[in-house]
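Presented below are the structures under discussion, each in the form of structure tokens.
Each of the two complexes below includes chain A, the first together with chain B, the second together with chain C.
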Partner chain A sequence: MKYLKFLKSSMLSIYGYFFFAFVYAPIFLIVIFSFNSNPVNMMIWESFTFDWYKTIFGFTSAATESALYLDSTDQLYAAVQNSLTIALTTTIVATVFGTAIALAVARFKFRLKGFYRALMFLPMIMPDIILGIALLIFFVSVGIELSVFTIIIGHCTFLISYVFIVVSARIADLDTSLEEASADLGANGWVTFRRVTLPMILPGVIGGALLAFIISMDDLVITYFIAGVDSQTLPVFIYGMLRRGIKPEINAIAAIMLLFSIIIASVGLYMRSRKS
Partner chain B sequence: MASLETNERRRRVILLGLLTPPTIFLAIFFLAPLAIMVIYSWLEPGLYGGVIWNFYDLNYGRILGWADSKYEKFDLVYLIIFLKSVRLALTTVFISLIICYPAAFWISRMSEGKKNLFLFLITLPFFVSLILRLFAWVLILRPTGFLNQALLGLGIITEPLHIIFTDVAVIIGMTYIFIPFMFLPLYASIEKLDLSLMEASADLGATQFQTFRRVIFPLTLPGIIGGSIIVFIPALGNFIVPSVLGGAKVMMIGNLIEQQFLSARNWPFGSALGMIVMASVLLLLIYYVKIMAREDQMTSAPAVKEVS
Partner chain C sequence: MTPILSISDATKRYNTPDGNVITALDNVSLVVEQNEFVTLLGPSGCGKTTLLRTISGFEDLETGSIQIDGSTVTHLPAHKRPVNTVFQKYALFPHMSISKNVAYSLEVSGVSKSQITTRVGKMLELVGLEGFENRKVNQLSGGQQQRVALARSLIAQPKILLLDEPLSALDKNLRHKMQQELKTLQEEIGIAFVFVTHDQEEALTMSDRIVVLSDGKIQQLGTPEDIYRRPENEFVARFVGEGNLFDGEVTQSTTKGASVTLTTGQKTVVSQSGLKKGDKVKLLARPEDVLIGKSSNTKDITFNGTVDHVNFIGAEYQILAKSKDGTSIKATFRPDVEQRDQIAGVGSDIRLYVPKEALHVITKEKVI
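Right after this comes the complex of A and B.
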């Protein structure tokens, strides 16, 4: 009984709230201090300002040039554009391929099933850096120039697995009787797939696609190895900024990115909780 | 019967259609690169970043100790860096376990609606850009950062602490980014705990510590092991956290690999280092599968037996 008391005790709740404070405080700090006008020491509050936001959107601001990374916002915009192009293309390819493998493994009988399961499992257990260097060696030795294209390929190689896992989980929850009924009623394989199977697995497919999109937008390690000089993505760009020293406009970029990813993740998680 | 046969043939065609494109893609862009990396690790490094197509085992020899000093020198430093990475990764695993375990307990005993909300909140940071979460810790840990400002302001310290660019900063950073990885497997096994087992244990006169050691701990062990492995693997090969929070002062095996590829341009040696990381991960997983197989046998016996 003592354990039950402990579990309901206020001590555990207090700990719990501290735990969440630890998880969220750093994120909130970035947002709060992105409005701090102090250009030298970003963690000492001076006064409220929108200067850093103005700067990254290309408006003139009172910010002195010594406080900024960017001569112009061109580099930043190019990185955002690359990231979006890569994430959208990757999402489409990885979602189609991942769903195809998930359907094949769940709904068909064939001998290589174990092989495909292992293949989908492999990127999950491999440290990112291994895939990064393997792809770098591959592209260079085959003679493919590093570009946005190579990043898309690189992202697809591991995001297919993520889509596979999300879609497989969805298929596992389904009951096969509807598909059987459709076949019994004379619908051919394609019609059954389009009218019955696809609508049922759709929440899983969308969930997998959103996950692939977010991870692609965020990937740093693999991209870092296979990004060419002109194909920086947003995370690689920020990583480069951090290595050159920290200046306040990065806070504003960070706050906007936070907002963006939290919105997408919330939509995805909400949809998943509602459909299941 | 004929229609059954055509149906069967049709299913074959659909199966081929589903599998062929992704298989070709993954064979070329996933399996082939990994195979080439394995081959590279056994090739001779050429001048200025190239390779010479000779069988060459001294890439491994430099690390593991059989290099003659004529071509390559064995240097203990590589093994030391590897062991240091293992130590940092294990510390990260241990701390995130200690932090997450009580929190998982706390959430597992909430009402259904609250539970979902808190699980959502714990998953959310996983979707926030990793580099931004690390950047936040740079701001916090710097000598002029938030933590030092706060401690100085409160009069707890008189000199700013130098936490950034130390092992401690790297461990804090890794613990922070891997919390969701540790939390979810832990939570999955803690949520399944049957409270009546704890009551039974207490009724039979076990102390709280005994109940924990004999009942709760063994029953949540699968989650503990699962979470530990999921955290250990990305922590071991990490190079972003040490490079952002450890600066030039903390070198992990990931940083060494990155250097070999992007500045030293000795790709065969970098591949050999990568292979050593990969081999340790695989060994760990084989061990994990073995433990899990044994666990399955044990849990198939009535759980009450373990209370004795």
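Right after this comes the complex of A and C.
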């Protein structure tokens, strides 16, 4: 019996190790490959190098000169810049609108409220490819030229929903008597929002904003359809590189993006823990 | 002197999700004088909280009007009314320190920093929380939070303080202590308090006047003694305090009183005038007015039966006795030192009587 029990518990831990290995091994490998100096076959370890990182930051070295896959670092920078512009703008717009809608749905009584709430959920479950095509057809038929601007609009259409859902969850926990107390003590609607409602739902708002930022940074499918020639984002750029073979620089870019995401997520978690 | 609060013909209806209409307030009129402590008492759903919320401005009246200190506030939003509320669960702002909570109303109305500091200090001293300025709300006990809520709502010097069952979350001992403190505080600062509770004992202890509400209507408005001794209808009699109600019929009526025959056949007299022959009435006798022993007056209500239940509650005993015909009677009494060991046990025979002077006549079931 004792033996069986031991077996059971050790099986469970082994299963746990496998689970995490399954999830994280590929990501871990990419980080390792990004330091592999072998330019032809990244699966074969040659030696440790920072060359791929140097390449994407514009420094060329003798070793990578011959194997330079990146057409120009300028294109990469432009893509990163586009991605950041889009993600920041989208985050601000989606956070403001998502929060406002969440508050309106939670605080006001109006007809067909359930229907509107469902409409807010819909963009989340809509397949990306359909949303992408729909947006493309819309922009083309209305006559808006595809650009960074169209990507921002496209991202906002579904990221408002994400912010809405995250903030709504937070508002559901908010005691309405706090807002009443504020009004009772002489604060008008705006002062109550600024001094009571917003500080109370801030963790949700920040969480929603970070989520919107990450999703916007990393969206490929929808962006792919509505990106103009000069408005490539980082994921679209990487996808373009991939079509001409997997190059070592991609690993370096991926590792940096990963680091970036981890930093943002950590900031989000830190803000959350500090609040509560 | 103009009354501090005057509500006339207030009506408020709600639509329930399943299509029904609930009348939360039905033609309620109420006047509260300066410095008065008025309690709104009633079971849950009686409209007492709705009435309080229409005074604070969280609910809009359908018809009727509200005046505070002579000026009409019927459709004024909550933040413009000169009243403040102590909420049931205090509703303290958890993201602010204690002093920030207390200072809130002064800050939003633009009082200078130095004045705020002085007034917050004074207020915290008044409620006995000096030195708690920088604590967080969740670092305080229930009783301390209660004091912060009081300080926060009193600092702007409201004309009326509204209290929505503020003591219901406290344990019994603390509740009694806070009842006393609230009463003292109210006398000290000299403003009117409108207090909502479902606890009749609390209402009797604290109030100058009590408003008993049920189904959105005022059942009775009076001093605690009025409400307890002379309830105007059966609802009030049953809701406030314990009581024995005897059914009867008026057989003879004069200007000095009336004769009443109970359904048990006993005859008694009451001093109430204005009754008519043939009126169906109920006679109320509070348990403490039920005495043990044999009555010397034939007009007293007598009761012979067996003890069904004895409850010991410290200072007094509660006895529930049943007669052979199934009617039961409740009596409480405080035995003196010699009587203590002679309390009738369960199952033993007992003789009880109610002096006719202790009877109060009730003619109506409730205000509909």
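Details
Criterion: the second predicted complex is superposed on the first by the 255 of 276 C-alpha atoms of A that agree within 3 Å, B and C clash if a C-alpha of one lies under 4 Å from a C-alpha of the other, contacts with A are read in each partner's own complex, and residues count from 1 in each chain.
Methods note: a residue touches a chain if its C-beta (ideal position, glycine included) is under 8 Å from a C-beta of that chain, and two chains touch if they have at least 3 such contacts.
Keep in mind that this is a model prediction, so the values were computed, not measured.
In the superposition on chain A, A:Pro199 makes contact with chain C only, not with chain B. In the superposed model, A:Asn41 lies in contact with chain B only, and not with chain C. In the superposed model, A:Leu178 lies in contact with chain C only, and not with chain B. In the superposed model, A:Ala21 makes contact with neither chain B nor chain C. Within the superposed three-chain model, A:Asn188 lies in touch with chain B and with chain C [touch as defined at top]. Counting contacts by the rule stated earlier, residues 188 of chain A appear in both its interface with chain B and its interface with chain C. Residue ranges on chain B touching chain A, taken from their complex, read 7, 10-11, 14-15, 18-19, 21-22, 25-26, 29-34, 36-37, 40, 99-100, 102-103, 105-107, 109, 116, 118, 120-140, 142, 144-146, 149, 176, 179, 195, 198-199, 202, 208, 211, 216, 233-234, 236-240, 243-244, 254, 257-258, 261-262, 267, 270-271, 274, 277-278, 281, 285. Interface residues of chain C facing chain A in the complex, by the touch rule stated above, are 56-58, 77-80, 83-85, 87-89, 91-95, 104-105, 108-109, 152-153, 156. Chain A contributes residues 175, 177-178, 180-188, 191, 195-196, 199-200 to its touches with chain C in the complex. Those residues of chain A that touch chain B in the shared complex are 1-4, 6-8, 12-13, 15-16, 19-20, 22-24, 26-27, 29-30, 33, 41-44, 97-98, 100-101, 103-104, 108, 110, 116, 119, 122-123, 125-131, 133-138, 141, 153-154, 156-158, 160, 188-190, 193, 214, 217-218, 220-221, 225, 235, 238-239, 242-243, 246, 250, 254, 257-258, 261-262, 264-266, 269, 273.
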